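Chain nomenclature is as follows: A, B, C, D and E, assigned in order of appearance, with residue numbering initiated at 1 for each chain independently.
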Amino acid sequence: MQQRVRDILGWYDHENPGVRANIARMLQTGQLAGTGKLVILPVDQGFEHGPARSFAPNPPGYDPEYHAQLAVDAGCNAYAAPLGFIESIAARYASEVPLILKINNHEVLYDEKDPMPALTSGPRDALRLGCAAIGYTIYPGSANFRAMYEQLRAMTEEAKAYGLAVVVWSYPRGSGLSKEGETAIDVVAYAAHIAAQMGANLIKVKPPTAHVELAEAKKVYEKYKIPVGTLAERIQHVVQSSFNGKRIVIFSGGAAKDDAAMFEELRAIRDGGGFGSIIGRNSFQRPKDKALEFLAKAMDIYLGKF
Amino acid sequence: MQQRVRDILGWYDHENPGVRANIARMLQTGQLAGTGKLVILPVDQGFEHGPARSFAPNPPGYDPEYHAQLAVDAGCNAYAAPLGFIESIAARYASEVPLILKINNHEVLYDEKDPMPALTSGPRDALRLGCAAIGYTIYPGSANFRAMYEQLRAMTEEAKAYGLAVVVWSYPRGSGLSKEGETAIDVVAYAAHIAAQMGANLIKVKPPTAHVELAEAKKVYEKYKIPVGTLAERIQHVVQSSFNGKRIVIFSGGAAKDDAAMFEELRAIRDGGGFGSIIGRNSFQRPKDKALEFLAKAMDIYLGKF
Amino acid sequence: MQQRVRDILGWYDHENPGVRANIARMLQTGQLAGTGKLVILPVDQGFEHGPARSFAPNPPGYDPEYHAQLAVDAGCNAYAAPLGFIESIAARYASEVPLILKINNHEVLYDEKDPMPALTSGPRDALRLGCAAIGYTIYPGSANFRAMYEQLRAMTEEAKAYGLAVVVWSYPRGSGLSKEGETAIDVVAYAAHIAAQMGANLIKVKPPTAHVELAEAKKVYEKYKIPVGTLAERIQHVVQSSFNGKRIVIFSGGAAKDDAAMFEELRAIRDGGGFGSIIGRNSFQRPKDKALEFLAKAMDIYLGKF
Amino acid sequence: MQQRVRDILGWYDHENPGVRANIARMLQTGQLAGTGKLVILPVDQGFEHGPARSFAPNPPGYDPEYHAQLAVDAGCNAYAAPLGFIESIAARYASEVPLILKINNHEVLYDEKDPMPALTSGPRDALRLGCAAIGYTIYPGSANFRAMYEQLRAMTEEAKAYGLAVVVWSYPRGSGLSKEGETAIDVVAYAAHIAAQMGANLIKVKPPTAHVELAEAKKVYEKYKIPVGTLAERIQHVVQSSFNGKRIVIFSGGAAKDDAAMFEELRAIRDGGGFGSIIGRNSFQRPKDKALEFLAKAMDIYLGKF
Amino acid sequence: MQQRVRDILGWYDHENPGVRANIARMLQTGQLAGTGKLVILPVDQGFEHGPARSFAPNPPGYDPEYHAQLAVDAGCNAYAAPLGFIESIAARYASEVPLILKINNHEVLYDEKDPMPALTSGPRDALRLGCAAIGYTIYPGSANFRAMYEQLRAMTEEAKAYGLAVVVWSYPRGSGLSKEGETAIDVVAYAAHIAAQMGANLIKVKPPTAHVELAEAKKVYEKYKIPVGTLAERIQHVVQSSFNGKRIVIFSGGAAKDDAAMFEELRAIRDGGGFGSIIGRNSFQRPKDKALEFLAKAMDIYLGKF
């Protein structure tokens, strides 16, 4: 085992050997194996936004097999999806790429001001499907925060008892926040900290903006002149807020955007000390050859190649 | 076992042998045995609309035995009904035709803007009554969506542990949608996708219209020129949205209508790649001889005879 | 065992021997033993309306022993009451008359537009007290319908696992219905059907009026000219709606009324094919000798004597 | 065992020997041992009203030991208090005086129109602390009535399985009632009846006034000329409403009042056939010597001495 | 074991040896070992207020290890923190300083008028991490009081069964109280009493003001001339309200303030008979050498040195 992986696992010395082995599995898979960096392919957009919005841009993506094979071919560290998609491919892919079962899911047919995803599967499903981890989304800022945190707590306890790792998507949202506040630097750092305090092994947040949302926080950011001017600085602050860098924090790419902009964002994540990216729509919504090319470049960034 | 059935079962290689055997039982029963197509008789209207509205048009239907015998005589793939109706006939029919226990039921004595059916039986009842599957209705678009999805998740886990198959009625409805939106193509395709992601073995939806309900979806349908002009095209889109055709999707006939119109609809379902129909009121609300004649023609359509 | 009882038990061939034996116990007890008809004494009014309203008209009724002895002396098929009343007499009466533990109860100190009774005992209490059955009230038409149906489901499953029969009081009520609608023919028939679909062994409803409540139902009653002009016709329709007469449906007497009117009602129930009556206030709110006389006449009606 | 105690236990022949032994323990303890009468010391006011309002009038009462010793020295039949107070003294007093663990408690820091106490301990606590009984408060008339009744049901089932007796404080309160209605004769009699129907072994209510709250009840009280003019008559009516006197019904003293008025009330309770009193603030809010004097006189009343 | 510790443990003679041993562990650790006084370091502000507001003033505090080492170096009796922070250090510190797992946590991304913290870990986590106690916050005065009390009850029962001590943060808050009322003397004394009645081993409250919030309480404070003019008098009243001093009551320091003011407050706590302090922000938001100096002085106050 590479020293970097050993070091990272050292931060998780409170976990049982099963959980540590599954964290290691993700860190030792694919193009970035052993570097301590991760690029993960998530495909839950079919559930979250509907099938046409997700797969019409690249119709082979209607087929669940497409994505698992893409994750393998691209050399991703892991592949994350809801129950149905994982069930469709687990028998053939569980030993090819670490699988993350996304156990709760949000959809848009009923719009909630204070959203909460539905629990659609659980740790026992992850076990029977040979997964390495469960994934769970919380929405700090939603009136339903308590219900989500308490469900996460129950799922985490069960998953870790089975030796599964726990990946938390911590996405601020809901009537407690302005729209701009959802990606505000203070809010994103806070959301990452909450996930860490709740025992998440991997934390996924959105790249933060320089906006500071909370009045009480604003005073502190100004008084102590916390540097949040560049994305790299903000990434650094989020990583610091996650137990001083002792938790794996990765960042989502968000909506499809210009490749150059995307690569610049990835470099900032790398330069700020982020542990990697979870790249969905930018991967599977383009033809496979383009996707492989894109992912290869993304990984090269984390390898320090450009 | 016919190759087509073997192929279909291949899509369910994540299920235990019990579940696969029960899916096979439905695919290998009746006039359409071995074709990969299904015509199922559902009789839950007594609960859903009241006994007179359901059975006054053909009074022998007040008797639960009538329907089970009709399913057998017509050569249906399965018979679906609520607990009481299944209990009334299980001792004599469980070995004659695969039974689907409809474990949740909606009624109209209290009208809800955001409906949720009541759970009226469960997997253990299905087991003791010799059923092949449970049936469960979700209403995507209802404010109660989360409660339904989470109850479905619990029922699915229990049912599959017993080797029972899971049939999901996915009927968009509730304050999240316009009336027209309930059968909009984007919404129906989305509803089928959600059911698939939640682990449904068979998915039942309504034949969609060409209306596109959601603004974000509309952009995509237009941009990618997704063909939804004919019913066959729309059926094809729904089937594609259900894991690229790797889940069994069947369609309901809806309210009684002109036979010619009904047969045209069935041909469109067939031509679009649908796996079959679930035909209730069009069957049991006419005299038995007429019902047998009607069902025979419906099956002939799926057999490609006209 | 008399052939009529054997025939009735034949409709319950999905139940275990324990449940069937307890249904048989009720059918083979008292003056109507073996006829397939039942007259049951219920005394839950103390809980439902308060003690003075219930027992002041005949003060010996304050004593729980009075009612159990009345049921025995009158030759009733069973005696139904809440926990406290059953506990008070079970040690001496469980072997004298089948006891029905009424496990949920409504009261009037807090008035709810959408009522739901409180669960005050359960199947395990029924077992330890030597009862033949549990009794449970649902209020179709109440906003709480789902909670009641699901609680009934749980209680039914537990009770039948212990070999106890299940008696369901199905009383439409709540904001989904007009006051007149509570006893409308379409609503009462629907309520009986729902109870049957949920697995009730005995169903208790109120004698329906000729009013039709639901607009959709009205069309059907008119189109098919369903005869509901006389009480006997309406009883017949309710019995037909309960699995074509294959479930035991009995009728309550309601508030105390003129004896002649009461007897006429009983004759209509008998002539319409009803299985009997549950007679509370008309029994225990008059002196015991008068009550015995009244109940004897009621039974004579079911015996076809007048 | 005295014949009176034996007679009373005869009313509880549905209970297991453990429960009966604990009822007997209370009836055979203290100055009133063997008379079938009880004077119980309850000290839950610290929780219900706050410490200063409860103990400032007699500061030794801040100490939990004070009350247990007072109950012993006065010869009370039992001592009732919340978890903390019982834990503080159980090791030394469980064998000196029967302890009643008051498992739910109300407080006034958050004021609810429709109150419900919080469950703060349970039957297992009562067991480990050597208690004879649990105590539980219901508020008939509160919108939360169902939640309280169902929690009481669960606690009763568990407590009796352990051989513990169940004491129910039945205090009408909430938006279903007027302020005057909380102590109306019809409402108090009804509240006692509900507690009896739910399986309470001892029932505690407030002394009722002559007011009749409920319109339907008023008609009956007038029609049958139920005597409620004197407190003794009202007590008699409450006792009759509690299974014709076959349940132990005791009365609270309420807020501290003039001793002469208090003694007159106690005589009325005795003369009306009440089984005793539960006297809190009138005991512990005066100096100990005065309290002992007061309680001795109260017991003398029940012994018929004046 | 010192006599003072033995005396204190005597108040907890209802607890099992495991719980008593863990109370003793806290009393016998650090600079104040054996004195019956405690200074505890709590670091839950990252969760409660966000990471920047908590740790920017002294950035080494972003690292969970910093705080555990600070608690050891300062000679605190115990260190309290949420799950993530405890997990990060438990393997190295569980045998160095008693750990208190703060199992519920409040945050400010969604603001509630009637707050309730989320349960983020539990007694089983405390066990596996080698903790001495769980910590739980209740907000008396919140509309959610019942849910918190009942969750506390469940957690307490489980924790004590494992031999863990229970520390309750009792912080009045919510729509039942004015802002000033949150620290009113009557309310704080009441809050401490409630925690004691619920079985708390250690109780943490805020230093009260002389304001009296509740009208009924005001009459009593005036009538009995309860001295609440000085902080020491108020502390004394809170301690008396906690079972006459037979429960360990400690006080929080609140927001960072002038050191002189802080020391004066600590002296008042000591002089009023308080058992110690829980000092968070005043410790970890200054450089470590200053923090050690500050904590040493605080402990000297409890040792009576100045």
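The rule is short, and it goes like this: a residue touches a chain if its C-beta (ideal position, glycine included) is under 8 Å from a C-beta of that chain, and two chains touch if they have at least 3 such contacts.
What you are looking at is a predicted structure, and each value in this text was computed from that prediction instead of being measured.
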Which chains make contact with subunit A and with subunit D at once? E
Counting one step for each move to a touching chain, how far apart are subunit A and subunit E? 1
Rotation angle superposing subunit C onto its copy subunit E by C-alpha atoms, nearest 5 degrees: 145
Whole-Å distance, C-alpha centre of subunit B to that of subunit D, is 58
Interchain centroid distance [CA atoms averaged], subunit D/subunit E, Å: 36
Which subunit D residues touch at least two other chains? none
Mind listing the subunit C positions that touch subunit B in their complex? 11, 13-14, 140-143, 145-146, 149-150, 153, 157, 172, 174-177, 186-187, 189-191, 193-194, 196-200, 214, 216-217, 220-221, 223-224, 226, 237, 240-241, 243-244, 246-247
Touching residues on subunit B, where the partner in the complex is subunit C: 46-47, 49-53, 56-57, 59, 62-64, 82-85, 87-88, 90-91, 105, 107-111, 116-122, 124-125, 129
